[in-house]
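Below is one structure. I have some questions about it.
Per-chain numbering from 1; labels A, B, C and D assigned in written order.
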Amino acid sequence: MCGIFGIFNYKDATNIAYLGLHALQHRGQESAGIASTDGDSVMRFHRQMGLVSDIFNEEVLKHLKGNSAIGHVRYSTAGSSNINNAQPLVVEYSKGHIAVAHNGNLTNAKIIKDELEKYGSIFQSSTDTEVIIHLVALSHENSTLDRLISALRRVEGSYSLLVLTDRELIAMRDPYGFRPLVLGMLKDSYVVSSETCAFDLIEAEYLREVEPGEIIHITQDGIKSYAPFKKVNRKHCIFEYIYFARPDSFMFGETVYTVRKALGRQLAQDTFVEADMVIPIPDSGISAAIGYSQEANIPFELGLIRNHYVGRTFIEPKESIRHFGVKLKLNAVHDVVKGKRIVVIDDSIVRATTGRKIIKMLRQYGAKEVHFRVSSPPTQYPCFYGIDTPSRGELIASSHTSEEINQYMGSDTLQYLSIEGMKKAVKNGDYTYCDACFTGAYPSKFPWNMQLEQMELFVKR
Amino acid sequence: MCGIFGIFNYKDATNIAYLGLHALQHRGQESAGIASTDGDSVMRFHRQMGLVSDIFNEEVLKHLKGNSAIGHVRYSTAGSSNINNAQPLVVEYSKGHIAVAHNGNLTNAKIIKDELEKYGSIFQSSTDTEVIIHLVALSHENSTLDRLISALRRVEGSYSLLVLTDRELIAMRDPYGFRPLVLGMLKDSYVVSSETCAFDLIEAEYLREVEPGEIIHITQDGIKSYAPFKKVNRKHCIFEYIYFARPDSFMFGETVYTVRKALGRQLAQDTFVEADMVIPIPDSGISAAIGYSQEANIPFELGLIRNHYVGRTFIEPKESIRHFGVKLKLNAVHDVVKGKRIVVIDDSIVRATTGRKIIKMLRQYGAKEVHFRVSSPPTQYPCFYGIDTPSRGELIASSHTSEEINQYMGSDTLQYLSIEGMKKAVKNGDYTYCDACFTGAYPSKFPWNMQLEQMELFVKR
Amino acid sequence: MCGIFGIFNYKDATNIAYLGLHALQHRGQESAGIASTDGDSVMRFHRQMGLVSDIFNEEVLKHLKGNSAIGHVRYSTAGSSNINNAQPLVVEYSKGHIAVAHNGNLTNAKIIKDELEKYGSIFQSSTDTEVIIHLVALSHENSTLDRLISALRRVEGSYSLLVLTDRELIAMRDPYGFRPLVLGMLKDSYVVSSETCAFDLIEAEYLREVEPGEIIHITQDGIKSYAPFKKVNRKHCIFEYIYFARPDSFMFGETVYTVRKALGRQLAQDTFVEADMVIPIPDSGISAAIGYSQEANIPFELGLIRNHYVGRTFIEPKESIRHFGVKLKLNAVHDVVKGKRIVVIDDSIVRATTGRKIIKMLRQYGAKEVHFRVSSPPTQYPCFYGIDTPSRGELIASSHTSEEINQYMGSDTLQYLSIEGMKKAVKNGDYTYCDACFTGAYPSKFPWNMQLEQMELFVKR
Amino acid sequence: MCGIFGIFNYKDATNIAYLGLHALQHRGQESAGIASTDGDSVMRFHRQMGLVSDIFNEEVLKHLKGNSAIGHVRYSTAGSSNINNAQPLVVEYSKGHIAVAHNGNLTNAKIIKDELEKYGSIFQSSTDTEVIIHLVALSHENSTLDRLISALRRVEGSYSLLVLTDRELIAMRDPYGFRPLVLGMLKDSYVVSSETCAFDLIEAEYLREVEPGEIIHITQDGIKSYAPFKKVNRKHCIFEYIYFARPDSFMFGETVYTVRKALGRQLAQDTFVEADMVIPIPDSGISAAIGYSQEANIPFELGLIRNHYVGRTFIEPKESIRHFGVKLKLNAVHDVVKGKRIVVIDDSIVRATTGRKIIKMLRQYGAKEVHFRVSSPPTQYPCFYGIDTPSRGELIASSHTSEEINQYMGSDTLQYLSIEGMKKAVKNGDYTYCDACFTGAYPSKFPWNMQLEQMELFVKR
């Protein structure tokens, strides 16, 4: 997953982009980058592995002059930690310099890449974003805008995209609108961001979403909107609601926190169990647990305490037999859980290993009953639209029933929110969302073997 | 403030000390250090500015061989960020090498230091811990234990102390028992820690507190307990309960989380106000807010979201007029607070500047009423026993009434927990705790001017 | 300027490449990189700003698995210090992964680049090496070798080039043979290097030069040589002899040290002056000064001492009026120079500022006469074949006579080696060398305005 | 070994100290430090492992305010690389803050230390400098000056010492004058340095040596000289001439370069051999080789080329059988040495391993004869006055004859300069120098077992 941010024609553009990325840090912690331009010279940029606050020191920010800027944060994925995949991508082509920041995943990138290579293109990263730039450069259109449109006509999949040149900032979103993208205003300047929480920090006014399939062209002359693609039904990523987005963001028409509480409420209605308390797995399960607690009228307790100092460089000492695992991050409160019937709320289950350890700890500390409740349906299918889920084989729910998972985890009972329940908890739940990770109903069809290639060959953002 | 941890005669002593410090990281983020010995060679040690997880990489841990170790984390205080003040302090004296880790503050350190200097002692740090070591070295007693006892007879104030030599680990606590210190067992080895949360991580068994005034002497022959000092009434630091300790620690006979909830409940009883929701200032206000919510029967909501990625190196860009301040860490959820009557719970008020900004933000986002409730009494007096409170002049409650603070902060109403309320919420509240920061009733008397010197000349840990 | 090194099918390929680059460090200190392959997986690579010994720690070397590797060191040039220009360049194209390391400069890169961009190519660096890779990828030939030949038919200028794929290492040199490139053998494996000093370090056997215009194709089946280009007269860069190469390297048929001594001898014959001693400007003037001293029969003295600890991060404190400049690196020996008639030998004069300061220092320390002698002719023209000389305007000899420079520098007399003298001092001096920096006689003709573009748009290596 | 530098009452004191240390970097590369004061506040200081140019960046220099400063560079010794041993040592004692920088070694430090510990002193480093500070603090005298004198009456061995307080800079040298120390003037301010090369860099005027046994007291009122100790014969360290000092320094009444040449000339007179060339082992053998060459009338050649980019972090790859050793630093020039009779000049032989490898390389490259000549007598005894020679057991000359060493090294002949020859080559060579490393005639007598303790327990500087 990734986060993107852009600002056009503002005195302190780079500083604002830096703050924007800071607010979007939860969307990617592997690398971060900013490209900036003052409209008449070369594109400046800096990309580095690490956190926004560590990368952009005073010296770097000072170097990134310019009144327009785009930035990108990238998620850490195991195999492909590589500075070459950091964004924004900055290249020179026939029309000058261009910088691109991309959140999403192109499902036909491999096909286009093979084709482009056949005609002589070279690739310097393993990101599909480079495919888009090649298509822009190869387009016979004249303007950046028309080149982009012609490029995007070729690609399938998900993209929220920011393009910066020395005279324009272009923001666009794929026709399904998988990934979020919002438009705001800071004084007289336009800003674009993956989430509204970045606007709150910089005190920009939220205007509206960039619509699915919309291209917004921002220049010195103001803003223009285009909708060059065939209209299709929206397919917003419901997993943004469930896990990925920050609770204080307003997204797809609702506040994330409110949606999560509604998921928790629905979960309580559907899977109620007598208990002494509801405890979340922090931080991601908190909102849903509050909803569950309120609906079920069972007290909410912070029975698991998180250590926020784990850091990126933490080395777990190889101490003989034991593996400290989840305890380095979470500890249960003895006094709270001892002798109690507990409902534990998590947002989703991937491999079930963390949940298993937590349940074991709760029992060790004396919990009488542990009922595990998940505020989303079983995650059974990989995401091809930008969320970094593991392959199907690693998704426990793809090969095990809820009862088997319950057995594995050691809970007294385990229940998921049903797909219907999930749809009830969100506005227009029946038709507005992509829920392929739960249902396998991928909005855009593509041959299965291609998906597999896709999984292996491209790094998702 | 500081955290300390020790382990004696255990194969992976340094690794365990490292994990212990990781669990105590909340007690100090400025510097960390570990000293270790294998019982027959020189004392190894490593001290560095920064977080435990950044300081102790594989290479450093490998160098710190030994089957016994003590560790220390130190709090960041403005003026004295200095590697020379990092601990454990390791020195060589007539009896060999000795390492000392100290949590607390000696109120007569300046007087003893002047005296020691008069007789020719030199000081290489600005910590009062060095005073203790000088006294140990100057003692005419024979054993480390007797030297320590004779040294500690001279000092006043607070100390939880760990001393490591090549043949023993000594743990002790001042007669009032201001700071916490607990004893545990890991397999057949004794461990000592500021808080029990470290025992949970390393899966050690909690045995008991090191008692106020007790000296525990751990050697190859086992453990011996001494109580050489005149017995006085316990004076546990009540601020550990209110703010400092981790909620999952068991301290002074109760679980911190449970005490905080009780403080919140009492606060609700004493300062109830009609409202739509209770929201904590995260993370420190969460436990009390849950208690308040349950007692007042007003829904608990996570209306303020914390960004945990701020990091130590974050540079706030100097952007013209605005100062982003609290927003870099906290954001309110528009949807939750809009049009609502809100009770905001914080654990204490120091300068009131953060609370003021939060209230302003809540009003901007449309809150109808904001009632600020504090789960402790007004903080009016500096702490001379180890908590790094600012000087009296900076404590807003030392010179302003609650109503004046309410005006300043812009809340509709502001109410503190009363001293009586606080005492009711904790076990034996009437006589077991030091509440000098609220009452000025310092357990040990000392001339006021000395306090002032103390404030200026010594760095508190 | 740059240095390149390659090795094919050797167990410790990356370690050997690392040592090779260490021996070539004098050819470039800005950045270094290694790409490696084990013949059946993806190309691994690591590029970083800094010195070879700082970049390649154990962890990095461990990651760079493979039995074949190429490496590159790059010279620091003011404007374009940029990790994106570090080499080897590694890309994926229709035939798989390819890594390229380049020493030289393409004089028609800008023209080809414009053309490539017109047809849709994108550029991610400001190096001309990327042009070659595009041409390879766009070629309709089948094998890497044929593609390379077809690509190189398009380019003009200088190149010593190493290309690595998962099944071959290709080494080639432009038809003029501007830059050096030598072939050696380490046990049963072929090695290629800019200079023989790298072979000495790794104890490889020197076989021969890669001939001008030759392409050497190294595979599992052995080595094959091709000469696909029209034969032209050799034009070895004479400045490699004068300044750039390491004295212990055997290059263009002679040992650099021996050539430098011959230049010094010739200089003595042509510009003899009565004096008490000959002193070099260390380190580059030492060899010529020894030659001068022996021919003129004037004692050689080390009258200037160099401080080798200046380092890359040295900050000259802004101390009021003075500028320490050359003194941070060089100091004269009072006792040696006082009252003496001195011949100072330098290899060349660029801006004359350093020489001026040295002469001033010698006079301050009491030198009676200072005669400046330069072991090359006046440097009047920029190099378009890879040496990072400044633009013509900055070359003092392009606009000033020797007498004017003498006046400016404050020497008693100043004399250069004549072009004839220089030609006499090297083997076949009349026709084998490119001496365009002295004569303006660029071997390959190109419109002057293109040169200017070239100078501005491409970074030379 | 170490280098020290001090400056009193100068506007840019810290910047000047930084430059001074840069010029003295050859005297110690392990750690560096500066302490500074502006006369009315606390002593500021910064000490760090590494090179001067890497440690003192702009931020650090900015923090080190003050108009007086002392600095220290420390040599890397295997076992005790420890930031706690870095200097200047800064402590607080009854008279305020004091900073001390020390070059030398106290031979009775262990005895005094034991005694001090018996009376209760604690030691935080393993340097003998801490002994001096304890003695100063324990003195009953009133002024810093008198305390220092009383302290130094207790110690034996070598010291060139700088002491800085908020009102004075004190420079002193032990009665034998083992280590160098010189006084200079920068505008109206006094400067003190281990060597004159630091004065050349900062453009200070050299005034004179600090005399053996002299104490120079610099205050706002000017400079005063004291000679409180019993006068003894000078015993300047002759190894400073042979190896340690920079050739451009004026020391003990002569220029180091000139002395080295004289040693080389004498060596030629005493050990002449027919040969084709004289080549030095760079850089330390160059001056003597020039002297030898001139006296023997055999051409001087730079037959061995040094790679100056080895750096501190260089990792030698573990490549199967071979060990690259000396080749990482030095390479011979094939063309120069092939078929030649060579005299190789080195300044001294310690373990003979480097020389052996060089001779092997020369033979591999075709040298016909290799005659090894050493510009000092056999090094047979450890130094107890501050030079970091290995223990006797490791000094090959302590247990082997010259002929045995010749056999081991593989040279055709090996000859040392005789002790008489050495004495002839320096002024007043008969009585002015400590040559204990060659003769075992330690100027100050001490029991041999104490020497051994000394060797083990204290780190020499």
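Rule of thumb we're sticking to: a residue touches a chain if its C-beta (ideal position, glycine included) is under 8 Å from a C-beta of that chain, and two chains touch if they have at least 3 such contacts.
Keep in mind it's a predicted model, so treat the numbers as computed, not measured.
Each chain gets a centre from the mean of its Cα atoms; the one farthest from the centre of chain A is D.
In this entry, C-D is the pair from C-D, B-D or A-C that repeats the interface of A-B, since more than half of their contact pairs coincide by residue number.
As a whole-number value, the distance joining the C-alpha centres of chain A and chain C reads 48 Å. Distance between chain centres (mean CA atoms), chain B to chain C: 60 Å. Chain centres here are Cα averages; for chain C and chain D they lie 37 Å apart.
Contact with two or more other chains is made by no residue of chain C. Judged by the touch criterion defined above, the protein chains form a single closed ring in which each chain touches exactly two others.
Interfaces, counted as pairs of touching chains, are A-B, A-C, B-D, C-D.
Looking at the complex, you find that chain A touches chain B at residues 11-12, 15-16, 18-19, 22-23, 25-26, 29, 51-54, 56-58, 61, 197, 200-201, 203, 246-248, 250, 254-255, 257-258, 283, 286-287, 290, 293-294, 299-302, 305, 307-311, 313-315, 317-320, 322, 324, 327-328, 331-336.
Looking at the complex, you find that chain B touches chain D at residues 83, 89-94, 114, 117-124, 126, 133-134, 137-139.
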